[in-house]
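In order of appearance the chains are A, B, C and D, and numbering begins at 1 in each one.
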Amino acid sequence: ADTGAGSGGDGGGSEGGSDNLTITFLPKNLGNPYFDTSSKGGKTAVEEIGGTFAEVGPAEATPDAQVSYINTATQQGVGALVVSANDPKAICDALNEARDAGVKVVTFDSDTNPDCRDLFINQADAEGIAKVQVDLIAEQIGGAGEIAVLSASANATNQNAWIDLMTEYLASDYPDITLVETVYGDDDDQTSFDKTAALLQTHPNLKGIISPTTVGIAAAARYLSTSDYKGTVALTGLGTPNQMREYVEDGTVTAFALWNPEELGYLSAYAAAALIQGDITGAEGDTFEAGDLGEYTVGADGTVLLGDPFEFNADNIGDFDF
Amino acid sequence: MTATTATATTRVIREHDRPLWHRVLLTREMAIIALLILVIVVAMSTVRGFGQPITLNYLLLDVAPILLIALPMALIMVTGEIDLSVGSMVGLASVVTGVLTQAGAPFEVAALAALAVGVVGGAVNGFLVTVVGLPSLAVTIGTLALFRGLAVGLLGTTAVTDFPEMWTALAKAKIAGTTIPYITVPFLILLVIFVVLLHFTPFGRGIYAIGLSKDAARFSGVHVERTKFILFVLAGVVAAFAGIFFTLRFGSARGDNATGLELQVIAAVVLGGVSVFGGRGQLHGVVAAVLLIGVLSSALRLANVTSDVINIITGGLLVASVVAASLLAWAQRLRARIPPSRLTASSAP
Amino acid sequence: MLDSVADQIDPLNGEDAPVAVEVENRSPADAALELHRVVKSFGPVVALRSGSLTLRSGSIHALIGENGAGKSTLVKIMAGLYRRDSGEFRLHGDDVDFTSTAQSKAAGIAVIYQEPTLFPDLSVTENIFMGRQPTSRIGRIDRKSMRQEVEQIFRRLGVSLDPDRITEGLSIADQQIIEIAKAISLDASVLIMDEPTAALSGVEVERLFAVARSLRDEGRAVLFISHRFDEVFALCDTVTVMRDGAYISTTPIAETTVDELVRQMVGRDVTELFPKQTVPVGGPLLEVTGLTSPGIFHDISFTVRAGEIVALAGLVGAGRSEVARAVFGVDAYREGEVRMLGETVPRHNPTHAMRAGLALVPEDRRKQGLVIESGVGSNITMAIRSRLAKFGLLTTGMENRAAKEWASRLEVKAHALDTVSSTLSGGNQQKVVLAKWLATNPRVLIIDEPTRGIDVGTKAEVHRLLSQLAGEGMGILMISSELPEVLGMADRVLVMREGRITAEIDRAEATSENVMFAATHATELHS
Amino acid sequence: MTTTSIQRSGLGKAMGGVGRAREFGILIALALVVIAATAKNPNFLFSADGWRDLLLTPSILVLVAVGQAIVIITRNVDLSVGSVMGLTAYLTGRLFIDIPGIPIVIVVIAAVAFGALLGLVNGALVAFAKVPAMVITLGTLYAYRGINVLWAGSDRVNASDMPKDFLGLGTAQLIGIPVLAIVALIVLAIAAWYMRNTRSGREYYAIGSDPAAAELYGLKVTRRLLTAFVLSGALAGLAGVFYAARYGSVSSQAGAGWELDAVGAAVIGGIAITGGVGSVWGAAIGAMLLMTINRALPILGIQDFWQRAVVGALIIGAIVLDRVLAVRQKRRLIEARDES
């Protein structure tokens, strides 16, 4: 790998495995605490394995900016690239080019089309994520009433998939709950904040908000905690304990969910290493050892499942720091 | 008029104030080109992986939209106007291409429609600036939001991803035997067109005249409004073309494609020596500046420098380049003891 | 004695010609301001080789010289805008070295620059008091007293401008009046006026003179720069002549004559200031009928024939320039028609007007006539750029060939074709504008204030040129605020007043009396 | 001559009227938006949150727009305000984290001073190096943001990191008016008074109206330019504090894109981009209008995705209307000369 992609290119399709344990993490964007935590896990894992860790990424979560970084990784001839995709299709070609040059590609958090990567490390299965959030909100609003969704950007793959599943699950299990609107805060504090304000004004009968994104739920909680709706409009979704601690303690939010992003990064790094070393190819049924997390098996479509989402509430939030 | 020659004595005026080498070499454009070469040489020898042929491919693909749009933008800025809506137009054209392809139109038709949208968008800007007489900065802040809003509104959460393989492949295809992407061909054609337009036609003389003095240009029979209108339309079309390229390259039409591109384009155009006050600038400087920024980011990325540092360096370079230019002018004035001329002081690039 | 000295030196003769001339009877005691052997160059251009000047309190001093003689440069040094390279500069006997205009202002020097320097978006009052508005103790501007003061100055100047109007859109004349008011309000001990009257007409000039005289009587020193000899003789006590950046002579006005001054200025004799030859008048070229633009001009009709010079006279603000601009298509008009050689010229389109054979030399050289920040060459070819192009393509080489030809035909004095036009003297700038339009080979030349701010020598050249062009069959419509020019040059005089043509007078009958009468009294003459 | 004087005088007064009418027109537009939204949903105005947000949401942009207005009046522009605001917002959070128990006043002063310093850098480059502000501030837009990202990394300041008292400022009210809005109003009033009634205030207009003439005139152009940028930076700094207090969480991207909002607000409010014309009141009303339109659209039933488009159309509509009215007024005045 010292000579760059040129030599990597030969190793392209070979199954033999290599010792190039350079693993680069490419989150959706930098400056996002969620990815900060996942990269931390990744770094721990890479150090355990004895490889070289790097984190690169654009300032803004757009696919075109991500492509430049994928290309760079290709040029550098890294061993594996661990990506959270800003678009399932737009970065595909770049990823495939990287794979052609011998780079193993692992997606985590947000997947691409299955044919553009070797593995997808799924934080929790989509149905599970959708279900836990809907169940939480249903419990908090008493199983009936209007709810709304505050999402990330309009094109976020994972968010959109969850919202679709939530809608189905609502229709089948909670017919009395209506999802009145989905708005997009673009994973920006201020936009999410202002969209929350607008939601509350536009729908005076709103009972609850689901925000399946860590930035969104924090901003929404901040607005709610300062408004008259505090305590009357429920809020749940996916958030990090550190950002939500304040609002759980002051009663704005009773419970929310998330997996451990640190573990997600950790697992992704181990999976990447396993691919590099040729222990697995990404085929269904492959198994690999993921350090402290134990053994994992590759499922259908080259997907590895981290586990079930975890529910945070006032009782347990004190135990976490990420 | 022959009689007027009666007074014509022997005095023949010289063509140039300064010697040729002075005029050609001591220019801002040349400084940028020199810097570009320097950065390439340094990157080749110190950044691992930069020397590969594929670098050129990635580099050109990355900067292609900026290169394309910088051409009409430079002309617009020479007239003293600005177009902030180009990034949004890239997005809108991308979405139009996507929506129509999705609706079953052949890709070629969709692309033509996107170009037409570019014409219309450019014409809207042009109309508001020239006929209604509004400042272009204000107008294009408005259309920046409008075009982006239309793009996002048309596609919502979806992204169109099925484009004909033939076209998406072409967008990334390399010219046989090289790593140069095909997009270079239309770019070079446009470059020739714009260079001729700006530097070798009466129209181009008008563009400079407008930038230096709108009144004087109008009194000389320059169609100030028409010229500006045409330039805005050109910017619209080229941005739309860049949008189609963008769509094909990533195989994905999204409402937020190329967000923020306008500032990158303007930064490059200014770095290339075009004065934001109008009347000054040349295209070789602009092209060199786009490449300079591209090469610099590419090399820095390869050296695992994070995006924020790259931004600082880009911003710093922009500031340094203009500050250096004005320091140089200041030093020259000091040597020659020329007072800061009232008019030139405000028109330094 | 002065004459002999002036005769001895010939500044045109190379750099090391002996230029130093002692100013006669220098007595610093009553000299308010003194400049001695001041040198100033701009890169390769030596604007001042040896400028000397002595202003005395209680006296009005004239400074005359050809275009580019260095008068304005001298003024700008006194104003602290430029710093001299060498030489002495004393104010009330003390050596001074200003580094900014604020300093000269504080030292009691008020300057009216050749080009008005107003803030177009601010009111007349604010323009006059900018930076030194009367304020209350907490620093609040006292608008009321500021306004009162302006009204007082305007009364003194006898003008009736609205103090609250923004200055945008004011005519050059009104702008000049504000400059004058500004300088007067400074209450300075030295007042310098660089061609203040260039844009003014008779009445305003008279008022300005009255003010200048009263300032003199208050014991202030006044410097007056002008190209009009009648004014110099009417107003000034002493006159200093400059030529090619060097001091030539200082004479009490009573002891000299126009011919003498002209000879010193130009270094040769100039005769025939207005050499309009009579040529047979041909058929009509330009026919304007019923041109109307509400609020600006009304029912303007006239004809310009081949070989004829038609003057459009009137007071400042009468709307003459607007008519010219409308005819040439720069401005729109609502009613009426413009025809060239019988063909209607489409309105509001200068290109069509040019194609029809019209050319317009506008009144504001720096803003309208020239792309002032652009080179001399590209300015000359600006109006013929499409014509020069081959297959739609145009190169600098093609431009330079044409520009060179026209620059030498009109004897433009510029360093090179790519010399920036703003560095040329006013007269040379005017020549560039003329070259630019003559290059289009027009049938009718409209020329607005052809000799504003131009020295006698160049002026005579311009007049000779106009006369010659008419002789070749060109029709010329000349707008001028200088009566002698109108009377000397025109075959026919149209007089405008408040947007209407109030009289049409033939050369034979035209006198200053009847032209002025038509310009100031509405209908009587017409009937 | 006397007759002309009367006409001109009339024209002058009326022209002044046009100037005032610009701000008035925007005010009317603002009122219309509020009325329409309230008619659709009374909560927009007549609920505690609605009333508060109406005043609170624009406050931050008002501050930035006032600074921007001063800079634009001098015929410059400050594109770095978004980045300055982001940096000072992060600084605010950082101070609370790193120096526990630090008095809020000190933090406010530090943030404002830091903003002023960043503005000084802009101003010095513009005034001394004589480089167009647009270029300089486009450069510092990137550079300041880069510094912010470098400094913050992926860290963000969360509500729990800041004292309750401080966060309380973000929503606290005094006699039914949010404190932040009151502060913004005070700042606005001072700025307006300063720009209108002091010598230095008027010099900003003079410089913007004709920079070359200002130089000839002997105005202290350099000092004024420096002050303008320092003011803009300081106000963006204050806005950064507001931002932290109001949104309670600050990432390295805080304030991204605000420069266009600030310029847009100033332009909508009748500040001529070519300098010399306009008032900070106008800019403030422009800011109110922009933010209020944003809030009103969802209520008026415009779908989320289309809101950007509507905002764009409204910006254009506002400036077109403004222009059409001004032109018509001017033409009427010229033609009125005939009648008198």
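Observations on the structure shown:
To be clear about the criterion, a contact is a pair of C-beta atoms (placed from the backbone, for glycine too) under 8 Å apart; a residue touches a chain by one contact, two chains touch by 3 or more.
Just so you know, these numbers come straight off a predicted model, no measurement behind them.
Between the chain pairs B-C and C-D, more C-beta pairs are in contact across B-C.
Mean C-alpha position of chain B lies 42 Å from that of chain C.
Centre-to-centre separation between chain C and chain D, using Cα means, comes to 43 Å. If you average the CA atoms of chain A and of chain B, the two centres end up 37 Å from each other. The distance from the centre of chain A to the centre of chain C, each centre being the mean of the chain's C-alpha atoms, comes to 74 Å. Of all residues in chain B, those that touch two or more other chains are 152, 156, 255, 306-308, 311, 343.
Contact with two or more other chains is made by residues 30, 59-60, 154, 184 of chain A. Within chain C, the positions touching two or more other chains are listed as 81.
Applying the touch definition to every pair of chains gives A-B, A-D, B-C, B-D, C-D.
Chain C meets chain B in the complex at residues 41-43, 81-83, 85, 328, 330, 350-351, 353-354, 360, 362, 364, 367-374, 376-378, 381-383, 385-386, 388-389, 392-395, 400, 404, 407-412, 414-420, 422-423, 436, 438, 441, 461, 465, 468-469, 471-472. Residues of chain A touching chain D in their complex: 30-33, 35-36, 39, 59-60, 154, 181-184, 188-190, 193-195, 197-202, 204, 215, 218-219, 222, 225-229, 242-243, 245-247. Against chain C, in their complex, chain D makes its touches with residues 1-2, 4-5, 8-9, 11-13, 15-16, 197-199, 202-203, 205-206, 208-210, 212-220, 272, 275-277, 333-338.
Residue ranges of chain C in contact with chain D, taken from their complex: 80-81, 100-105, 113, 117-123, 126, 130-133, 135, 139-141, 159-166, 203, 294-296, 298, 317, 498.
If you check the complex, the residues on chain B that touch chain C are 1, 3-9, 11-17, 196, 200-202, 204-206, 208-209, 212-213, 215-223, 279, 336-339, 341, 343-344, 347.
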